[in-house]
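Two complexes come next, and they have one chain in common, subunit A, joined by subunit B in the first and subunit C in the second.
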Partner chain A sequence: MRHALNLAWQVINVDHNNSHRNRSYVLKGAYLFALFVVMSIICIPGLWIVLNSFRPAVEIMAKPPIWTPSFTLDHYRALFGGAGEGGVPVLSYFRNSIIVSVVSTVIAVLIGMSGGYAFARYRFKGKTGYFVGLMLFRAVPGVALSLPLFIVLSRVGMIDTHIGLIFVYVAMNVPFTIWLTDGFFRQIPKELHEAAEIDGCTRWQAFWQVEFPVARSGVASAAIFAFLTSWNEFALASQLTRSVDSKTMPVGLLDFTAEFTINWGGMCALAVLMIIPALVLTFLVQKHLIAGLTFGGVKG
Partner chain B sequence: MANRLPSWLLLLLPAILVIAAVVLIPLIFSLYSSFTAYKLTRPDTLWQWIGTLNYEKILTDTKFWTAFARTIFFITIVLNLELLLGLGIALLVNKVTWGQRGLRTLLMFPMMFSPILVGFQFKFMFNDNIGLVNNVLQSTGISDAALPWLVDAKLAMFSIMVAEIWMSTSVFAILILAGLFAIPRDPLEAAAVDGCTPFQSFKHITLPFLMPFIWIAMTIRSLDVARAYDIVQIMTGGGPANRTELLWTLMSRTGYVDARMGLANAMGYVSIFLSIIFTIYFFRKLSASRAQLGMAGN
Partner chain C sequence: MTEVVIKNVIKRYGENQAVQGINLEIKDGEFAVLVGPSGCGKSTTLRMIAGLESVTEGDISIGGRRVNDLPPRERNISMVFQNYALYPHMTVRENLGFSLKIAKLEEQKIAEAVNHAAEILGLDELMDRRPAELSGGQRQRVAMGRAIVREPDVFLFDEPLSNLDAKLRTQMRVEIKKLHQHVGNTIIYVTHDQVEAMTLADRIVLMKDGYIVQVGTPLDLFNQPVNTFVATFIGSPPMNLVNAVVQGENAIVLEDGSHLPIPSSAKNRVEDGQKVLLGFRADHLMPKGHAISEEGPTGEFELPINLSEPLGAESILYTEIAGQEVQAKMLNPRPVVSGEVLKFELQLDKCHLFDSETTEAIRS
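What follows is the complex of A and B.
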């Protein structure tokens, strides 16, 4: 094969370094192949879920496997069809997820922004200490936290409520939001708000009218990160929610499992429902997200 | 009164308050209860002080130590493989001249999957009867019999690691890619002129520049390494016969299934310290590598 390629090249152009060029073509091919394999491995598990959400249950369970594709919307119909035939109250879960994620994100971003601003703009004693301390609270594993939180929240009657879960997610997201927004505020030259204050703005006005618009993309990426964390969280939600009133979608996924069987088709359909908002948001924010993480980390 | 507080404290106060309420108070409570014989089913046991008995029980429990060792083993293998694969992927994507933005977005997708979803996804794919992996292996004739991916202890651990690596390698790939974009061109060109091999310039120029980015990724990963709990819980539930039990699943089983909250909280503290040690270690590495490159901003 290689020899033939060589010959072909010799015929096409009589270049003294054509063997070098030949080698670089082989390298290029190998490189593209490697890229293709890597990207397939990244994509296939996700795609497999999407594909299976459109396959009839018989085909998913078929042995030997059926490779020819077919299409059905049964799983989605069952998903939205309400409580018939062991149906899962998906719409309630979806609503709970949206409420909890959106509200906790808004609060976390407001609190995190004010904290990030404090770290970026003020000098005070023990700053690094405070910063690392805050981050360490993020390192507490959700499972470890869920045991005491469960007891504390049930004492104050906040188990199985939106408010309880929102509270928890705000606290979970604040440290990371501070990290991200701190990095972005640091990027803005101090002169900007100083000039605004000379022009007669208060510090508060200067912040909202001058600094916030500049850092807006960073704040947006922090918000999306916070949203996704709440949207995807399971370890805490599975203990702190009990009923349709507050169960979120990650917890709802468990409804498709029975003692010995799993309704794969239905689960895949719900999974697709969970993934879509996450993918759209990721696509919108990806550029800022990277900038936020690396500025916050490298130049901090 | 409020005016006497310095403004930085005023700005930080909401963050401190909410974290104190949701994280600190429960943690103090769990620290207390780890010294009691607290059982969920008998609330009065909360006042039964037993000193360090829970901790002693843990320290002499082989089940705990196996889970602990397995967790360390898991974290070490997974983080190192993620770093290597992430570096490889970043270098591959960095060379792409067309459609790089699209590839980068694709790379981020696994990051956005809920860990529990990743767990189910791989439980599905590794299912010995109807899973994609076995179907492909058998259809192509690589393997005659269905491999018991989630039933055999070693294969189950392997499957869990695959799921974890699939989910989190992107963190490394994305951040290292950002690092590759930020590398100044001059030193690389100078090295090429001076006759460095590509490997030499990678080792002596590219890699040192990438180190801060690698440590950021490590720090971020160490913050939520416990998300592996979701995956393990779904894929094997710690089984078969506790062979994939990690610290986190053991803890939740002790707390919720056996209802021995005091004991579980003692385990919780061990796992919290484990996470904190990892985070501090990587954070210090990050500061050191920044200082080395003269990037320190504070």
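What follows is the complex of A and C.
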């Protein structure tokens, strides 16, 4: 009797195991499918841009679509060609974008890091108020500021200058940088700073020798975000720039729209050129983005 | 000479007073342990000595020099933190040598000092690892090494063993004691663990609610607690306290009506009818036949056992005297079942009396 019961129990057990295993297969399949759908939504527009930059204009506009695309570098050739051949001052736009993005990022990170450190480490009056205020400022849509910014910048003669755009981007990026670096500095136990001070450091030395290296992944992420925001910003840049002296790449994309037509191929080619530096930079910095440097220094 | 003197030191955080005017002198080369329950102000006191907290009122001097307003780096101290606070981006070697690098010593001198410290603490093989690759005990040793390398006047330890498991804690306790014997510097050590305090200290400073309750050698605090707080905080198991009332000049009556003579130390210090607490340690209430035979008067009780905790060489017995739970000790233990009634002897010479209201010890 006992033997029979044992056997029955084993059979039930096996069935139970099988059903659990099957369910985990189904769940895994569903997970992969969902992942595919989400990644498609994210990647297809980018892919569309890259592919179209290598296709003749007729193919891009073809209805029904042509599924076996041909390959051409015409758009790129035209891009760097003369003004009459559909060319745009890519190099000027690129230079402007680099200057504005890099300078504004460096300034925003320096200010934001100091702010984030202060919020993480010091107690002062109205701390929460300041912090919420900064976040609220970030919540205002940039375009809403374009008119007041335009008026202010034109009064001080900073329309169509690098410095004007840099000012605006620094203001846009500082709150977010503060918020991000504050979180990272908060994760670093204050004992590290104290240990450094006891080891003979001044506050300044303790920050640069100990806290900054430990938080550099956070600072790197803040920098990447600030850079990408400046690099990709269009709405304000289109209002505040006028000529090749200050127009950035996103604004340059407008050069491909005429009154009745849009040169999709050229626009896509410029867009690809715009994506590449951002992609390279993100790739270079991404290993610093992986947090976890703080683990081990103190008992978790 | 690096004695540390704390004079009328007060620390306030807004309305909160964390340290309420303490006075303390720690002698050169002394191992002083600040101990007390959490929130008693011991860590704040240590941090004020280190310069990590400002002093609201009073003076702190190290080696005869008033240091109230000096930053930590100018106090020539080193500190081991509870969570080690090793620099995660540096190797063990860099961690150990960091303070000397900041002091701009020559590379060769740094290497010598680092190697010397590593040798003392057995870190030689870990020198190129980062903190994340070390076990808890190894990190603790690196933290200690970092403290030694500087050759400071005073070592400060802030609950350095709290994050270790029980076995490692015992090992590291021994290492810290050895370290003190080796370097001979003044050490101020903060802990909430009375066992650490007892085993390590030359002198214990017991704190509560921002005040110093008692300062003395471990045996002073163990044998002559100034009040019930010290009596129950120091020693494991804690001292038993039983309600009693003084009757006449020579006796106290427990709540069940049993009489005991007044402990000799408290004679002539009590009044008839005074409410008191009779205090005695488990070591002094033992079952007959399982006790250390000592001369002196004893009180005898027949007590039922509620619970027994065998520890190997001895057992802790939970029983009741006059309706109050007390703990007794059984040497050469035999198995005891709950409900069993044993005859106990209480060594009256070792008993203490405390005033019920003030909780202060009554001692001549």
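Just so it is clear, the second predicted complex is superposed on the first by the 236 of 300 C-alpha atoms of A that agree within 3 Å, B and C clash if a C-alpha of one lies under 4 Å from a C-alpha of the other, contacts with A are read in each partner's own complex, and residues count from 1 in each chain.
The rule is short, and it goes like this: a residue touches a chain if its C-beta (ideal position, glycine included) is under 8 Å from a C-beta of that chain, and two chains touch if they have at least 3 such contacts.
Keep in mind that this is a model prediction, so the values were computed, not measured.
Engineer: For A:276, select first, second, both or neither according to whether it touches subunit B, subunit C, the two together, or no partner.
Structural biologist: It touches nothing on subunit B or subunit C.
Engineer: Touch test for A:111: subunit B only (first), subunit C only (second), both, or neither?
Structural biologist: first
Engineer: First (subunit B), second (subunit C), both or neither: which does A:199 touch?
Structural biologist: Only subunit C; A:199 stays clear of subunit B.
Engineer: Which touches a greater number of subunit A residues, subunit B or subunit C?
Structural biologist: The partner that reaches more residues of subunit A in the superposed model: B.
Engineer: Is A:143 touching the first partner subunit B, the second partner subunit C, both, or neither of them?
Structural biologist: first
Engineer: Touch check for A:73: first (subunit B), second (subunit C), both, or neither?
Structural biologist: A:73 sits against neither subunit B nor subunit C.
Engineer: Using the superposition on chain A described above, determine whether A:213 touches subunit B (first), subunit C (second), both, or neither.
Structural biologist: Touch partner of A:213: subunit C, not subunit B.
Engineer: Which positions of subunit A sit in both the subunit B and the subunit C interface?
Structural biologist: Shared contact residues on subunit A: 293-294, 297-299.
Engineer: What residues on subunit B touch subunit A, complex-wise?
Structural biologist: Of all residues in subunit B, those touching subunit A are 6-9, 11-12, 14-15, 18-19, 21-27, 29-30, 33, 88-89, 92-93, 95-96, 103-118, 120-125, 129-130, 132, 135, 138-139, 166, 170, 174-175, 177-179, 182, 212-213, 216, 219-220, 222-224, 226-227, 229-230, 248-249, 251-252, 255-256, 261, 264-265, 268-269, 271-272, 275-276, 278-280, 283, 286, 290, 295, 297-298.
Engineer: Write out the stretch or stretches of subunit A touching subunit C in their complex.
Structural biologist: These residues of subunit A touch subunit C: 189, 191-192, 194-202, 205, 209-210, 213-214, 293-299.
Engineer: What residues of subunit A sit close enough to touch subunit B in their complex?
Structural biologist: Its residues touching subunit B are 31, 34-35, 38-39, 41-46, 48-49, 52, 60-65, 67, 110-112, 114-115, 117-118, 121-122, 124, 127-128, 130, 132, 134-149, 151-152, 167-168, 170-172, 174-176, 178, 186, 228, 231-235, 239, 250, 253, 262, 264, 267-268, 271, 274-275, 278-279, 281-283, 286, 289-291, 293-294, 297-300.
Engineer: So in the complex, the part of subunit C that touches subunit A is made up of which residues?
Structural biologist: 50-52, 71-73, 77-79, 81-89, 98-99, 102-103, 130-134, 136, 139, 146, 150, 163
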